[in-house]
Each structure stands twice: as structure tokens, then as C-alpha cells.
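Written below as C-alpha cells is the structure these notes are about.
In this document, chain identifiers A, B, C and D correspond to the written order of the chains, with residue numbering beginning at 1 in each.
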């Protein structure tokens, strides 16, 4: 649990660095997110006049939900202590709960931008979640489980070969992950142009430690998604069950490597395309949903593909 | 069988003929004459039956038929036509020709219906019933095919005649007298009603002027 | 056991009479609602006790003389009786406070307990006559409650449509039972169980059961009455109708299909699955388009009924393929959701009622900012929203999670229809869940958050203790059922054992109280740990931050990207909140389209946006029937205005026709 | 013997007395007393019945009708006391007409009881005609143009119906004569039933066609129904109640008798199909007609047609269940419908109109009356806990297993008429109050007595009654 907490900002920093480099800027150091967090934590909170108790408690809850969800994902070893407390569906639901609270918090102060952000967020989520669940469905059908560690084990085993449905699922998963984490082309984490904001619009009224919590939660979520993808589709070097320390180090290294690669790729990807109009997002996500459904159907029709 | 049967049969047949003549009439007075004729024929046949069955009470029925149906009712109707100044010609719904054909068809139908009756019911009754049935149907046809109140009353009287014919034709039928009396009362009511409510043209509206608006519940 | 239940039910009927007597006294409310609460609680407990016991039956010399009134309390009926008891008790407690603001109590008090009695009687009935008798009694009493505010809006029309649909459902069920009973009239359920209907008859009965029970439960497209009738009633009655009465309809379906009929055929499962999926998604989409709080909730009832029927359909599919364990899992999921929905839907309606009595408004567009003035009830409502949106660690999530597990269970079903239908239902279920979350963000955000849009909302005050007590109690239930799902699942075991001959593995023996539907390797969930983690980490972070980092707070105007405060009117409304989703889904489902009217440059007139949408279900299924009836009535009505001669002509023609028929027949 | 004499003599004597009394209160009281006497002696018939004679007969079948009829007569007379008082006050009726009214009332009661108790088809025919004529008089009693036209319509159609029935009766006699031999015996029920097996089937067929149409006109079956709605709407409400609650039953009774005769005659057509067809036609037709009604009394008249349709359908389906359902439905209908007409009468009086459009919010303005009406309509619409539900349950469920298509048609008809009744009810009983709100001096006893009976029957049918109905159902075959 602590590990993901520490690693998350680093990943964010890495991505920013990559993007800056691609823009021929030197960019801030990869450690910048940590500094930001410390600075924000130190600041006082400015609350809008009619912010309610919900507005004040939401950041901690959001953070907690995301953190618990993240700690259910095997990072470099499947033998997590509590992996059986929740499966993939539960993880998605936890993230959904976080989003639910975030959207409510966005509407709490009663500004129009909060409303924009919330309504767009739920619209995107209403398509992303089903797609995600379809992906899980197809994975579960292949691996015969919704338990991440079990899926990972299955993927490592020779029983899992290359499958069409797996490829489809991967694509869908990536798209959903991008949408969920409010990255380009769905949303731009760096924008402050009001009308294009989704995520940023919801957190507009936050400041100080609350903002810090939310930022941290966001980067946690990103990390979670990446490590989920890693442990499902690229479970190389994942440590199965308990074994000696050496293996763990290997796994750790592999995990770090995966993160670095994913982060770089994401950065490049975000640089290479432009943000979409809000109402073209549904088409993208609908496509993802269709892909995932197709994957599932293929499996249902014949469990060979 | 023999003569008795023939006479009864002939009389009944003549009554059917009279019924068809009613359908043929398109003026009021002749219609009333035909009605009187039919009633007279009824009286005759009832009398004949009384003679055959040696049932004196049937003579009463015959008398009722003669006096009330053959004499009084036509007279009253005639008087009414005169008093209310009802048009002398009858407006018919479908026209005389088709009505006649319909009448024929009805006669055929009643014969057809009565045909399968086993012979054990004696032939007099059998024939009489067939003819009586056709008279009843013709009467109904007259009622529904004429727009004129008086002729509708006449149609009802024809029905009455048919029923009386059937009743008297049935040998030893009890309560014949009572029933014919009761029926005559009914007829009288109708006639009085027509007269009382000043029904000029048709049954439909009791007073043309006041009631054409009202038909159950028109807005 | 059953005798005790009967005594309680008779007590409820007695309360109805008391309601007539005391209607206009203040005492009446206390007696009726207090008594109802007590009796419902007792019945609920008794039912809980009876859940494990063998069925107990009794025959009363009532109803059809040569059949008598058969009553039976088996696992299924006692589970539902428990649900109804819980809902009824909560609603009655809530009503103790809520009904203070009721005008015309004499229109509510006599019928409320009778309604409850009807609900319970349906569950106990063990022969067709008693069943339908109680069924219609339930409908009738609830109709009287729906029209209790008969002078407001078009409540009377709502009541009319409601009772008409109720009669429809009653008659269809009657036909179904007639088919099961056969010409000899074996109306007792025992006889029906014994008689094994042929395939065709079974299919017909199933169709009739779907029509009858479905129209009562609110399956699309038979749901049209529901969003009209449920909001029209007083809120505690709405809670009963939405949370409990629809469940009784589900009970009727389960009773007929799983108990009275034999093995279902696989395609019937396909039909049920399809209906369930469509209902779930359409229901929530309709809900998203609403801005009347209670109507929104009513539409969500439709959605949840869809979810329940998906579970039932899965159970039928597995059962048809002789896969008992899967059937048990699916059925348990469905019944679990029955309980959950009863709880949180009642809670939500209580909340809506609280808003109504505090502000006199049901329209969300006139509300806002209530969270400041109605702290406790807003908290309870939030729990309800989270629960119905299937968010962990609350109960809604568990039942939907179980349903998903059931969907994942068996890809290998032989029939193509199921191969396609089951994953499709998975997608629909997921879609419905996500949309539900969206819808409740809207409902809560617009109603309770933001700034008050009207004076009524600004001057709202917290509701009375009784109402709060009821709401808090149900909120706690939501949490408990989410944290200890194992208890519920094990409680449901006898039901599936009795109906399917199989049950889910016992859960309470597992370590850490986690639940494992089939096998630990497949999937497991532990609400308790999730909850502990959440609580711990929240508290930990909050403590750490307040301890080591700053804890200073300053109040100021909202930032809002530096715009000067433009007033509450600029907040997002319910309508505008739903606009993106309307654009994504509505164009297909509701034929919505929006037109923006821009004034020419230099003109100071405001720009206007107009949106139009159509209710296709109504236009397809209901409007034509209404038109047909009207047209026929008009045509036939001319017969009223004929002349006597024509009437005579009718007689004449009838006579001739019959004689002809006779002549031909001979 | 006393019972039978009482049932017949009491109304006759009462009519004679009332014809010469003009004091309204006194005559109203006497009216009640006489009806009570008739009812009492009808109850007496339950315990001891006279041996069937040539003219009179009391058996299980008609005792049901006699007791029911006299009871409704009693309650109606109670209701009419208060109703007529109001009519007198508003000057719609004058004292001489009142005398006429009371005399006619008892005369009609006599006619119906005679028709029910007759053991002789000729006598029965005469009695039915008597009842018809008296009711015609009463329908026209207001002497408004509408009333007179309604009476006239009723009279003409009724006379034709009567004529057809008479012809049918004669045919029956003709069929019987060869077997029974000439003379009075050829018209005596008990004798006919004994020898029915020897009758000529073809003749019986024709006879039944005529009887079905003839008495069917009185039952109010479509398409011979035309007289019924107007007669109900334009006459005084007590008469509407009696028409729906009694006269229709009497005609129905005659029909059943002949049905039994047909059933007993081998080779004759089964009367069932004919009755089923007529019943369904009446049910569906009336159901649709209900939608366009503006006049509250005419609406419930159509609902009577609808229920007669159901009853005839049930008897047509026959079988123990069908006949039982028919009998039950008939009893329930006459109780419920007369209760409805009682309350409707008061409603029309207090609102001063019969137009539905001009009354509304009745449960607000006159709670007791309004809820009574609601209960009545709910009962007549076939909802529990009222007895009509039981009978309709039996009709539908028993017929669906045997004749699915017919049952579906039946259900459609029921739904259609249910919708119509409820639509009007919610307009009358709920919504914003319309019309006068002055308090009403209604006689609630008859209304609630009927409703209570229907309610009890809906929940619990006493054992003896059931056995008795089952026996009768067996008689009907």
C-alpha cells in the first residue's frame, strides 16, 4: 500500500517530463509532484461560503477509496495479503465511488463550472464503466476468475496463448483507462480553459490540503490502471505466491520498468494527438464498449478464441 | 283427415295471403280493409277449430276476433287516421317489390323450419304452425318496413292474428281465451297510446315537434 | 407460526376499521401508524424465524366454499414476508411523523393498514382464489391511497390508469390460474403443483405470469402506470408501493414460474432475460430525464425490477440446463436485490417525503442547498443514493456483484439464444448501474447541494424525529447488509433449497466474513474488510494531515474561475445536468432533439434552447389501444340514437338469423 | 302454503289498499309494511314449501329468485319512501300520481312473484306481461317528453318481445301435447319436465329460438336491449332499481326454465352456444357503450346489460361451476346494482341533475354518499372484497380451461367495461367538487344493507346457501 502511494507522484512527474521533452522544453524535474504536494499541504484551505460538510470530507474519502482500490492490485507480486477482499469488479466499483463523491463535491458549491464538470464526468463514466466491466467479463471468461491475482497467474501459465479477444480487450482497457484518468484526448489535465475542462472543472473550488488529496488520488488512479494493465496483459516477472527475496527484487525491477515504459508511451501518445470535442468522446468510448462486448461474445460463442 | 283438414288449411293459407296483401298495400285505408279481412278469416278458422275440437270456449275467442279485431280496431284506426289527418299513403323503407320478395322468403323459411317436425305431431297443427309462423314473421316485417305508425300497429295486429291462429290450432290448448283477451288488452293499449300521444308518422317520436331533439342522450 | 401471522394480519384489518372510526382525531394517526409499525415488526420477526422451518399450512372456511382459503408459510413466502415486514414497519414509523402535515387523514388512515394486510395475504395465499382476492385487495387499497390527494394535479388520472393496469394484471393472472387449475377447478396450489402442464400450456402460463406479475412489478413496456401512481401517493405509501408492492409482484412471478410450473424451457429464460435487460436500461434512462424527485425514484424502481428479473432469468436459464448451483446463485442474487431495493428505495422515498414536507416542492428545479438546513436527512439520503448506485461497501453493490458472478458463471450453455443474451445482459446491467450512479449524482447534487433556487428551499427546516429515525434506521440497514452479506446469503439458502433443490455454499463459516459465491479462486468479496480499510485510511490521512500539515480554514466567495457571483440561477439544473447523456442516448430512445434559437446580432433578446422528446413506449403500446377503444365506442354509440323501428328491425333480423341458423343446422 | 299465499296475496292486497290512499307518509309506510310481509312469507317458503299444484310451484330454483326479489322489493320500498318524499317536495310528482305509483309498485311486485311462482308456462307469460305493463306505467310517470318516449319505446319493444315469447310458449305446448295429451297438463312445468324426453326436438328448437328472443328482450340482451337504458334513465330511481334488481332476473328465470326443458329434450340443439353468443355480444357491446354515457342512470343501466351478458354467458357455459357462478353473479348483481341505484338516486336529487358532467368531487361534498357509490361501483366492477369478484373469478377461470377463446373475449369485455365504469367513477367521486353541496337526507339503511351482504358473500359464503346453489346448479345441468 505504501509503495503505490510513493510511486504514484513519480509516475505523474515522469509523464510530465516526457511531454516537456517532446515539446523541446527542459521541464520540471520528475520530483516536482512531490514538491507540489508538500506545498499544497502546507497551505491553508479557502472554502467557498456555502461549501458543506460534504465538500470538506469528500477529498479524504476520495483518496481513501482510490488508495484501497490501488492496494488491491498486485504490483510486483500476487501474494498480497488482502487480495481476496475484492476482485476486479470491486476495484472498479471503488473507483466509481470515488468518482461519485468527486462529482457531488463538484456540484456542492453551486457554480456553473462545477456543474459542467460533474455532468460531463458522469456522462463519460456511464460509458467507460460498462466497457470496463465488459473487459473484465472477457478476462474472467478466459481465466475463469475475476480475481486479479488468479488472472495474472493464468496469464503466466502456458494455458493462455495469444487470443483475438485478449487483443480486443487490451485495446478497450487502454481506452477506458485513458478516459478514466482524464487524459488526452478525452480530457486535458493541464488545461485551464474553462469550457474544455472536465476533471479540472470539478476540483475548481478546491485548494490547499484538499486539493493535495485529490491530486494524489488522481495520480494513484493512474498508477492503478497502469499496474492493472501490466499485471493482466504483461505479467512478466510477476512473483507468484511467496518465494525468496531475490525473486521479489526481480519483480520489483520489472514493475518499475513497466511503469517507466507505460509512462513514456502515454506521454508520447498524449503529445501526438489533440483533445477531442466532448461530444465525440462517447463515440470513442462506445467503440471501446463494442470492442469489449465483441471480445466477450467471441468467448461465449466458442471458448477457443 | 279429409275435409276438416282442408278447410282449416285453406283458411290458414288465406290468412297468409292476406298478410302478403298487407305487404303489398301502399295506402292506409286498403291496408285496414285487408287487416279486417285477415281478422275475419281468423275468426272463421277459430270457429272451425271450435267446431272440430268441440271446444265451446273457442267460440268466445272467435267472437273476440270478429268483434274486436275485425270490427273495432280497424274502425278505430280509420277514425284516428281521419282525426289526426295522417297522410293516406304509407312511406315504405325498401319499396313494395323487395318487401313482397322478403315476405315470400319468410314464408319459405317458416315452412323449411317446420318441415323436420316429426309427423307424430298431428298434421293440422304442423301445417297451421308453419303458416302461423309465416304470418307472425310477415307481421314483423310489416312493422319494420313501414314508417307509418298506423301500419306498424297493423303489423302488430298481424302478429297477434298469427299467434291466435297457432294457439287455436293447438288442440286442447288451455288458457286460450285468457291469453287472447290479455293480448287484445295489449293491442288496445297500443292503439290508445298511438291516439293519446298523437303519433302521426312513426313510433319513434311521441311528438314530432318536441322530441326530435331528444334521442336518449344527444347533447 | 402461521396462526400468529394471521392474527397480526387480522389486527391490521382491525386497524383499518379503527382508522375509519378515529380518522378525524389526532389519536387516530398514532393508533393506526403505531399499531401498523408494531404489527409489521412482529410479522417480520416471525417470518425471519419461520425462514428455516418446514412450511406450515392452514385452511380456513372462507373464500371459495368447496376449496376454502388455503394459507401456507414456506421459505419463499416467509422471506418476502420479512421484506414486507421491514418495509412496512419503517414506513409506519416514518408516517408517525410525516403524516402530521397530511390534510384529509380520513382518506389515508382507513386504507393504509388494509393495504399492508393485502400485501401479507398475497404472500400467504396458497390457492388461486385467495391469492387473487388478496392481490386485488392490495391494488384496491393502494388505489384509494393514490387518489387520496385527488384534487392535486392529475392524481385522479394516475389512479385511474393504475387501477386499470391492476385489473389487467389481475385478469391475466386469473387466466393463468384458470389454465393451471383446469376445467375441474383444482384451485389449490397443491393441486397445481401435482398437475404437470403440457409444454404449450406451460408456455402460455408463463406468458400470462409475465404479463400479470410484470405489469404489477413495472416491467417495460407494462410500467406506464408506475411513475404516475407512485409519486401521487403520500410519501410513506409511495415507499411501500415502490419498495414493497413491486416485490410482492416479483414474488408472484417466482411463485408461479419456479414453484407451480415445472422446469422452464430455455427460450422462456431468454425472453425474461431480454425483458429484464431492456427494463433496467430504459428505466434508468427515463429516470435521467425526470426532474420531479419522486417520479425519478419511481423510474428507478422500474430499473431495479429489471435487475431483479435479469437475476431470475439467469436462474431460469441455469435451471433449464440442469445447473442447480448456478441457478441457486442467480436466484439468491435476485432475492438479495429484492431485499436491498426494498430498503434503499423506501429510504429514498422517505427522503423525498422529507423534502416535500420541508419545502412543499417535488420539483428539483426549485430546490437546492438543502444539505445545510437538513443535515441528517441529507446524510441518510446520500447513503441511499450510494446504495442504489451500487457503490461499495453498501448493500446495492453486493447484490449486483452477485448477479455479475452469476453471469460469469457459465459461458458453456448449449443454446445460442442464451450464448448471446447472457453477455448482452451483462453489458446492459453494467450500463444501467453506471447510469444509475449518474442519475443519483444529479438527484442529490441538484436537490441537496449547490445554492437554494427558491425561497421555499432556502427556508427549509429539518424534519421531525420519527421520520429521521426511520431514515437513519434504513441507512444503517443498507450499511449492515453491505458489510455482512454472508448473513443474508445464508438466510436465503432455504429458499433456493426449496425451489431449486440446491443452495449456495454456506458463507458465515468463511474467515473474515467474506463471501465466496462458488470458489475462492473464482471470486470473493469482503465488505467488512473493505469498509474497515476505507474507514481506517480515511481517518488515518485526515488525522495525519491535520496533525502534521496545516489545518487552517478561510471562508471566501466561490472562485468559479474569477467570475463574479452570478446568482443561483446560473447553477446547473437537473435538465442541463442530464443534457450530455440525453444527447448520447436520448436521441435514439426518446427521439429528443434540441433547437437553439439565436437572436440576430444586435438584438438583445435572449437566446433560447428548446428541447422536445417523445415517450415511444406510450405511443407504441398505450395510445393505439386508447384510440381503438375510443373509436369503437364512438361507432357503437350511434346505436343509442336510432328510431324504434330500427330497434325492432334488430329484433326481426336476430329472429330471422336464428331461424336460418336453425334451418341450416337441421 | 301460508308462505306462498303471503308472497302473492300481500302485494295484491297492498295494491288494492294503496290505490285508495292518498296520504303520502301513510302509504309509503304501508308500502314498506306490505313488502316486508311479502319478504317474511318468502322466508317462510324456505322452511316449508307447498306441494306443486297445477298453477303454482315452489322448488329450489325459484325460491332463490323469490327470496331475492322480495328482499330487494323491501329495501327498495324503504328507499322509495325517502326518495318519493323528495320528489313530492320538489313537485316533480303530485299526490294522485303518488297513489298511482304505490299501487303500481305493489302490482308489479305481484306480477313478478306470480311469474316466479308459476308452475304453468301460460300463467308465467301472463304474469310477465303484467309486470311489464305496470313498469311501463311507472317509467312514464314523470310525463316529461323524455319519460313518455322512454315508456313508449319500452312498451313497443316489450310487446313484440312478449308476442314472440307467447308464440314460443304455444310451440312448447304443441311439442308437449302428443306426449302429455291435450289439456292443462301440457303447460305444467313439473309435468313437462317429466315427459321432456319424448318431445319433438325440431319443434322445441323453434320454440326455444322464440323464447330466447322473447324473454331475452326482457333480460335486456343486445340487440334487443334498446328499451332498457332509457327506461332506467327516465323512470323514478326506485323503479330503475327494481328493473335492474328484479325484472331482469324474472325474465332470466323464465329463460333458465326453458333451458332446463331444452336440456331435458334429447336431440334438441344445445341452448348453450346461443346463450353464450348473445351473452358475449351484450357484454362487449355494453362495455363499449359505457364510454359515451353522459347520464349517470343510463350508464348504470348499460352496466346492467353488461352483467346480464356475463350471467347468460355463465349459464350458457353451464357445468356445475358455470351455473353456480351464474346464480351467484345474478344474486350479487341485483343486490349491488340496486344499492348503486339507491345512492345514485340521492346523488341525482342533491345535485339536481343526472348529467355526469355536472357532478364531481362527491367524496368531498357528501362523504358518506360518495364512498357508498365508490364501494358500489368497485363491487360491480368485480373487485374484492365484494361478491361479484367471486362469481367472475369462477366464470373466467372455469371457462378458460374449456373455451380459451371465449374466455379471452370475456376478459376483454370485462376490461373494457371496467375502464369505462372507473373513468366515470373517478370523475364523479373525485376531483374538484361540482354542483350543490347542501347536505342530503338520504336513507342509508338499504344501501349499506345491500353492500354489507355483498361484502359478506365476497368473503364467506354460508354453507347451506352453497349446497343449495350447487343443487340448483345441478338441476340446471
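Here, a residue touches a chain if its C-beta (ideal position, glycine included) is under 8 Å from a C-beta of that chain, and two chains touch if they have at least 3 such contacts.
Nothing here was measured: the structure is a model prediction, and the numbers come from that model.
Engineer: Which chains contact both chain B and chain D?
Structural biologist: Touching chain B as well as chain D, we find C.
Engineer: Of all the chains shown, whose C-alpha centre falls nearest the centre of every protein C-alpha atom combined?
Structural biologist: Chain closest to the assembly's C-alpha mean: C.
Engineer: What is the distance in Å between the mean C-alpha positions of chain A and chain B?
Structural biologist: 99
Engineer: Nearest whole angstrom, what separates the Cα centre of chain A from the Cα centre of chain D?
Structural biologist: About 78 Å separates the centre of chain A from that of chain D.
Engineer: If you average the Cα atoms of chain B and of chain C to get two centres, how far apart are those centres in Å?
Structural biologist: A distance of 69 Å separates the two centres.
Engineer: Measure off the straight-line distance from the CA centroid of chain C to the CA centroid of chain D, and report it in whole Å.
Structural biologist: 44
Engineer: Going by the touch rule set out above, which residues of chain D reach two or more other chains?
Structural biologist: 152, 156, 160, 202, 206, 229
Engineer: Please list all residues of chain C that touch 2 or more other chains.
Structural biologist: Residues 640, 642, 644, 648, 651, 655, 659, 662, 666 of chain C touch two or more partner chains.
Engineer: On chain A, where are the residues touching two or more other chains?
Structural biologist: none
Engineer: For the protein chains shown, what form does their contact graph take: line, ring, star, complete or other?
Structural biologist: other
Engineer: Go ahead and list every pair of chains that touch.
Structural biologist: Contacting pairs: A-C, B-C, B-D, C-D.
Engineer: Which positions of chain B touch chain D when the two form their complex?
Structural biologist: Within the complex, chain B contacts chain D at residues 113-114, 116-118, 120-122, 125, 129, 132-133, 136, 140, 143, 156, 159-160, 162-163, 166-167, 170-175, 178-179, 182-183, 186, 189-190, 193, 197, 203, 205-207, 210-211, 214, 216-217, 219.
Engineer: Across the complex, what residues on chain B touch chain C?
Structural biologist: Listed in rising order, the residues are 93, 106, 109-110, 112-113, 116, 137, 140-141, 143-144, 147, 152, 202-204, 215-218.
Engineer: With touch defined as at the start, can you tell me which chain A residues reach chain C in the complex?
Structural biologist: Listed in rising order, the residues of chain A that touch chain C are 41-50, 52-54, 60-61, 63-65, 67-68, 71, 82, 84-87, 89-90, 93-94, 96-97, 99-100, 103-104, 107-116, 118-120, 122-123, 125-130, 132-134, 137, 140-141, 144-147, 150, 194, 204-205, 208-209, 213, 278-279, 282, 289, 293, 296-297, 299-301, 303.
Engineer: Per the contact definition, I'd like the list of chain C residues that touch chain A in the complex.
Structural biologist: Spelled out, the residues of chain C in touch with chain A are 368-369, 371-372, 375, 382, 386, 389-392, 397, 401, 404-405, 407-408, 411-412, 419-420, 422-424, 426-427, 430-431, 433-435, 437-438, 440-442, 444-446, 449-451, 512, 514, 520-526, 529-530, 533-534, 537-538, 541-542, 545, 549-550, 552-561, 563, 566, 568, 570-572, 576-581, 583-584.
Engineer: Which part of chain D faces chain C closely enough to touch in the complex?
Structural biologist: By the definition above, chain D touches chain C via 152-153, 156-157, 160-161, 164, 202, 205-206, 209-210, 212-213, 217, 223-224, 226-227, 229, 269, 274, 285, 288-289, 291-292, 319, 321, 361, 363-364, 367, 378, 381, 383-385, 389-390, 393-394, 396-402, 407-408, 411, 414-416, 418-420, 422-423, 426-427, 430-432, 459-461, 463, 466.
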